[in-house]
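Listed after this line are the structures, all set down as structure tokens.
There are two complexes below, and they share chain A, which is joined by chain B in the first and by chain C in the second.
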Partner chain A sequence: MSRYASELCVLLVDDVYGELTSRILQVLLREGRLSIPALLRHTGLSPRLVKHGLAVLLQQQLVFWYTSAGDSTVYEANTAVAYNLVRAGKYVQIAEEQLGQFAGAVISNLLLLGHARVGDLVQAYGISSKDRQPLSNGSSSTTEHNVKNHVTLESVHMTLDDLLRVGLVSLVNESHFRSDADNRIEAGKMVPAPEYFKNKTKRENEEQREMAILQKLEEWKYPTAPKKEEVEIVQKGKKRRLEDPKDSQVAKRQRPYLPLADKVVGTAGTAGAPRFGHTGALDNDIILHVNHDKFAAIMRNRSLVALVDQSICKSTAKVYAEVLMRLEPKVRDCKEELETPDFGDGPGLHALPQVSTDDIVGALKESTDLANAFGKIDASRVNLTQNDHPKRRRKKKEPDSEDEAMRDGDASPDEDEDYSDSEEILTSVSSDSEEANGEAEYNPNPSNKLKNSEDSQLNTIRDHLLLLAQHPYQFLHHFPETPTLPERWTVHFPPLMAHVTRHTLLQTITSRYGLHAARLTRLLSEKGKVDEKNLCSLSLLNQKSMRSYLTTLHQSGMIQLQEVPRDNSRNPQRTLYLWFFDVERCKAKMLQETYKTMARCLQRVRVEGEKVKSTVEKASRSDVIGREEEFLGVQEREALRKWREVEEKIWGEVARLDDMVAIMRDF
Partner chain B sequence: MMVTPAKEDPTKDEDISMGEPSGVSSPQELRNALYARCATFEENYVFDQNELLSFNILPENNVEKLIVHTNRLTKDGLFKLMTKDGKACWKVVKRSDAAKYKSLSQDEALVYSYIEAAQREGIWSKLLRNKTNLHMTTMNRAVKNLESKNYIKSIKTVKWPNRKTYMLAKLQPSEDVTGGPFYTDGILDEEFVHQMSLWAERYVIGRSWWHPPLPEPMKKKSKSKLTQEEAEELRARELRRGHGRVRSEIMLPFPAGYNDYPTLAEITRAVNASELSGVVMKELEVGQLLDILCWDGRLEKVRNGKSYRAVRLVVGEEGVVLENGLTESPCGRCPVFDMCEEDGPVNARTCEYFQDWLQI
Partner chain C sequence: MAPASKPKGGPRVKKEGKGDLYRIGGVDIPYDPELELDKPKPTPLFPEYKVPTSKPLTSSEKDQVARFRSLRDSIHNGPLYTILGDNVRVGKPGNKLAASFNPFEGMPKYSQRYAKKRRMIPKLDTRPYVLKFFPKELWSTLDPTATETNGVIDSSTKGKSLKIPGYEKTDDLDLEMSGDEGEEMVLRDPDQDEPLEGEEVDDDFDDDDDGGDYNAEQYFDDGGDDAGDDYDGGGDDGGGGEYF
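Let's turn to the complex of A and B:
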């Protein structure tokens, strides 16, 4: 965790949960994991305060804790959750969009509570209807969706159920309170020793054990798939599951450090009695928290749609949004695919979630503007005359290529591969899609079937989809129709996101350092390591200006320089200087800058706040609220208005910066 | 043996007609006859000993005599001694060139010969010194003299602009040396590159996106039967009218099967047809232009890199400015961002850039 990121986390926690918690978190971030005595020493706070602060932090899952056998418990900052505080506003918005306003309110409550039992949540619900939101994010005013008191128990349960099903909310597991390394150790303890597995060789045993550990970790990470969970809840009840030996341990553990939860449990006991048998009602003892991973996946979809809107057109973006929405239930986590090896070849791609053309068409039936999104008549005329030869060539190719498609279960390679000599990982994919598109051009057979409007709608949508598949970024991957399966589409995220990241980095470089700097950067990223002379002749820039661009880029850490001495003397004159662009390094650098910028924004908003502190305090006095006109002078009101503007602007900026972080880090 | 019989035969005829080979003549005359005979061959033709003997010009057609004569000719600068597969052979030097040699001192002649050998590529002064093995001052003097006599000239090479390079005054530097159409006097002509790339970009934009029709009405009625030529012609006319388009937000993509994204060959043809450049541009050079446009993020390669398409929205110069969270915030453009620390000389509290930004 870098300095700026921890600075940012501390600021965020301070902003939301106050100074005590942020001070403890700061110490934890600075010193690493600490036990309570050490924490006391470093913070200089009284034990009571530290425990109180830790309780809040634990409640919000902002710290990990771990007790190894015979040792005292140690605490560690959970920076991922701390950072995600900045996204609270987005979470609420997403939940509202997906499941309605009420879901947004529930998410907002859950965010406020950190993790909570269903019973407590229901209880807390009454409290929170007085419009309290965890983050005073200027841009989202909560007064509008002030939830009235007529909220029923059922509606809360229904909404929670929906949220669980969609995955925006997930079950809490003891593993969520441990860092990855600790989880790994724990999983290691639970899985039997290698000797237990009866394989021939030691290595096989170890491999099998490794698999078992990974499986265990996976189980912990995603406690139970929502669908299965529902069934289970109805059938045997969550309570019993929680009382399995391993789970009861966590339940006991959690309690001492969760005074807040305990208190609420006490009061909520009667109100939220378990309601089995009633559909949609959840057991009050289920513990829930916001599922950050799922939100990230949804945010990724949004940013992709925005990119398509930018680079193709609005209607295509609409179609793409539909595809992504259809695929989204199958995406738990943005990093999921990265972990799964063996992609890039046919079978791997086939394992990805897919969606068929018909589904999309069905969903987009009534949209009319899709057809108007393409260039028409004169284009197609040129197209026809030009298309003649390639088409005929493809036609001949078609039969056997389809055969192959069936055999390998993927679109076949064709002569196009000769051209795809680019070193991109995508080569095979891109040639596939090229082929696929070639075939697709054909499928609309010129028979009279095409006449009716439904088919023309289908073709329009297919055109949009193909356009996406054809784009150099490979927004979609196309599986052509086979005798057994309809035409399907999928998104292969890792390479696509690599493109998007690169796109973002270069966009930043362009607007910061100019077009020519971006030219040099792209050149380097395409050619690898290049010396100055070649760079000069390739970029068609004169040496002087090129050098100044290179220096700027190098100074800001966007590109790197390697020195290769030609002999042992290491004489500068006998040294080759090779420039290169390393996406990872550039990304890391820019990520740090973004964190820092966010931190500065938050600091500034505080400074601005201090300026109008007295006025704000006056305005928030209970006797003043609602009667501002009466109590506040013109100047004060003006100051308040300005302050609100500033706050809104800065928080809006922070949200946009967070979009960048998401692209560079999470997606 | 390089000489073909076909070549030999006519020369023999000439021999007989031209002049009394068997008559007694002075060595000078013999040499002249030999020289004249050889000069009838094409330039740079290399003679070996047998060929020279086969001319039957020398009275006692034996090797020793021949060597004497050729040595003399070489000394006069009329023949150039060369070796091939370890055997001596000769090349004819024009009399005018030989005269040049004659007027030169030994050093100068040496220098001149190397510069001459470098032909259109030119020779770097340092390399020249190494080859001639002359002292710096001697060589410099020789070079200076040659330059003042207008025998050689100094040129600029694109690859090593700082190296002093010489070549014969009468020759034009090769493209390797000048760097092709993008360079003038060895210096990159940035304005030319810029204008050409703008033109190429607009051409590609015009062909890779659908634009709402221009005010001028186009006659679309005859759309049914168009031959390839007619279509080409139509497009050419269309392009002449506006030579491509500017990017705009209202342009729409072509359907997925669109096959008419321009290829390198087509763009090259269009660029040359535009006659913007004084010289005809080769595909390689236009490819270079398109490459930089791709690196600028203004074009992208489609159809497996065979064709080009314009990127819809771009950052920079004209058109839309795309910003992201980082670049639009004051910190993203802050020149002292690296120094910015809490309680440091630069900090968020006193930041002027924030002040300006919040005032907007």
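Let's turn to the complex of A and C:
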């Protein structure tokens, strides 16, 4: 953990949970894992204070703990959760958007309480568990009891169930309080020794044990409800979803071409799952916490939609949002796809969750926006070879009349070049499937078929989807129609997110060092290591100005320079100097800078707050609250208003920076 | 300000028509006295800098911040938020409190009764905990009654419940109240009502045992040690009667 990241975590915890907790966390971040006596020594606090502080930190899962056999308990800072405090506002907002106002309130309360038993949580809403009996009998006496707050036992349970099903909230177990390394050790203890597995070779035994350990870790990471009948039923939707990826992987190996026949096509499998089960409610004893991974997945979708909105158009973004929403239930963690091996192309891609065109059409209401997003063009003017590779186009064009060639000159040749890659991929995919299925009447050029079709809505949405698939970033992956399966779409995240990351980096470089610098960076990232002379001719800049850009970029660590001596003398004059752009390095650099900026922002808030401290304290006096007009002078009110504005602005800025961190680190 | 006029009274410089020779009093001088040496101006120490400003927040972003703030406020009002004083370090005495005492702001005032109390140590005994998620050495801190028998954790959670802002446990009395009376509860009279839950009130002002007169001598006698108790979270001793 870098200096700035830990600084940021400490500031966040300090801002939210107060000084005692932040001081303990600071020591833990600085010194690594510590036992209580060591903590006492480093913090200089009394044992009582340290224990109380640790209790709060553990309740909020900001600290890991681990007791190894015969040893004292050690504590370790959980930086992921500490960092995620900055997203609390986003979490609440997302929950509200997905499941309504009350769900947002529940998430907010879970964030407030750390982890909590369902029973306690329900009780906190002023509903005692005694009230539960009448509910399961069908009457609703609790409704009257809490009519003031519009909360009933049923509604709390409903919301919690919804949240669980969507995955915004998940079950907690002990493993969530241990760091990854400790979890690994624990899992190693639980899985029997390699000799237990009766394989032929030692290596096979080891491998099998490794698999068992990984499975155990997986089980811990995504816990399912305890084996109780009542819970089982309510949880079924979630359980099934959790098992999905594994199933589909197995299916993939056995029958690579029909992995989707039974379940993937159509809406999310969970939609039809039992909601509020007939037995009543969630078990009071299950313990819930906020599921940060799922929130990250949803935030990723949001940022992708925003990017489409920015780079294509609003209506396409709408369509894309729908696709992502359909696929979202099958994504539980942004890093999941990265871990899954063998994702080249071909069968690997088929294992990804998919959504068919009809589903999307069904979900999107008829709207003129969608249709109007595309310019209309006379069919005779459409040149279908326009996006083909230049060489192929030339061949095809030869028999064409001169007229036609003149007319299609409006698209600039550059654009053609840019889009030709993706177009080729598309056509190659379609031709692949043709070969694989031996389907003769498949029309490789779908737009022809579409023109005759009646359903304009379908066509429009299909156009939007194709546009997304053809975009250089490849927002979508297109599976053409086959005899057994309808046309389907999927999102292959790893390459897409690589594009998005690069996009973000270039955006930052543009805003910091100007367009030319960004162009140089883009050139370098495309060409690899380039000599200065080559770069000069490629970038169409004169050497002097190019050098000034390169120097600033190099100084700030965005690009690097490699020296390659041509002989053993290492004479500078006989040395090649190659510039290159390393995305990973640039990303790490940018990430650290962003952490630093965020930390500085939070420090700024503090300084600004210090200025109006006395006024804020006065305004928070219990006699003043609610009667501000009476007790506060005009100047004081003005100062407060300004302070609130400043605070909002800075926190808003921090939230934006967090979006960037999310793209570079989490997605 | 008038435009800068040429300095008068310097040596008379006369430029002759031909060439670029200058003469002072009929003597050629080999240099150009009017040459502006700092024509290419030195780079300014503080060049004009356009401070980059960010776009104004969108309504959705404002929404996020508002959500975050309200969550943070409820955490701050909850039992777990702490503000440490300066003198918590063990074995390292900080500043002498009497020395750092602010005579203008630091004097106890009646309005302090309403001020938010700083809590130095979190109040852990207000809510139930899932003890299996905590190491054993902290159990006594969380819940002094907790015991473990044969792996089954036993702790009494009677009378403890989570508290969520807006859904505080209401007494039966409150439920019967009409809306108007409820409002009165908010604007409660400080002298009559019980303080709201979770809020600690400094009782010092009610202790008028000995006349209530300001006793300067007494103040200075033990002020040095007790002034710090202003910030005591009312945890252990909550001693009254220090301020007179």
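Criterion: the second predicted complex is superposed on the first by the 509 of 667 C-alpha atoms of A that agree within 3 Å, B and C clash if a C-alpha of one lies under 4 Å from a C-alpha of the other, contacts with A are read in each partner's own complex, and residues count from 1 in each chain.
Here, a contact is a pair of C-beta atoms (placed from the backbone, for glycine too) under 8 Å apart; a residue touches a chain by one contact, two chains touch by 3 or more.
These figures come from a predicted structure and were not determined experimentally.
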Exercise for the section: Check whether A:A297 is in contact with chain B, with chain C, with both or with neither, and answer first, second, both or neither. Expected result: neither
Exercise for the section: Figure out whether A:L515 sits in contact with chain B (first) or chain C (second), or with both, or with neither. Expected result: first
Practice task
With the two complexes superposed on chain A, say which partner A:A88 touches: chain B (first), chain C (second), both, or neither.
Solution key: second
Exercise for the section: Mind working out whether A:A55 is in touch with chain B, chain C, both or neither, as first, second, both or neither? Expected result: second
Exercise for the section: Mind working out whether A:L25 is in touch with chain B, chain C, both or neither, as first, second, both or neither? Expected result: neither
Exercise for the section: State whether A:L523 touches chain B only (first), chain C only (second), both chains, or neither. Expected result: first
Practice task
With the two complexes superposed on chain A, say which partner A:L113 touches: chain B (first), chain C (second), both, or neither.
Solution key: second
Practice task
Return first, second, both or neither, reflecting whether A:K649 touches chain B, chain C, both chains, or no partner chain.
Solution key: both
Practice task
Classify the contacts of A:S46 with the two partner chains as first (chain B alone), second (chain C alone), both, or neither.
Solution key: second
Completion exercise
Note: overlapping chain A surface for chain B and chain C spans 511, 649, 653, 655-656
Exercise for the section: Report the residues of chain A in contact with chain C in the complex, numbered from low to high. Expected result: 15-21, 23, 36, 40, 44-46, 48-49, 51-56, 58-59, 65, 67, 72-73, 88-90, 92-93, 104, 108-109, 111-113, 115-117, 120-121, 123-126, 149, 151, 172, 174, 177, 287, 511, 614, 617, 620-624, 626-627, 647-649, 651-653, 655-656
Fill in the blank from the handout: The residues of chain C that touch chain A in their complex are 52, 54, 57, 60-72, 74-76, 78, 80-84, 88-92, 105, 111, 114-116, 119-122, 124, 127-130, 132-138, 141-142, 157, 161-170, 186-187, 190, 196, 199
Problem - Parts of chain A lying in touch with chain B, wherever the complex brings them together - result: 7, 310-313, 316, 373-383, 385-387, 390, 416, 419-420, 422, 430-431, 434, 437, 440-441, 462-467, 469-470, 472, 504, 506-508, 510-512, 514-516, 518-520, 522-523, 526, 533, 537-543, 590, 593-594, 596-597, 600-601, 603-604, 607-608, 646, 649-650, 653, 655-660
Problem - Residue numbers on chain B that touch chain A, as the complex places them - result: 158-159, 161, 179, 182, 187-188, 190, 193, 209-211, 218, 220, 223, 226-228, 231, 235, 251-260, 288-289, 291-292, 294-297, 300-306, 311-313, 315-317, 321-329, 331-333, 337, 340, 342, 347-349, 351, 354, 358
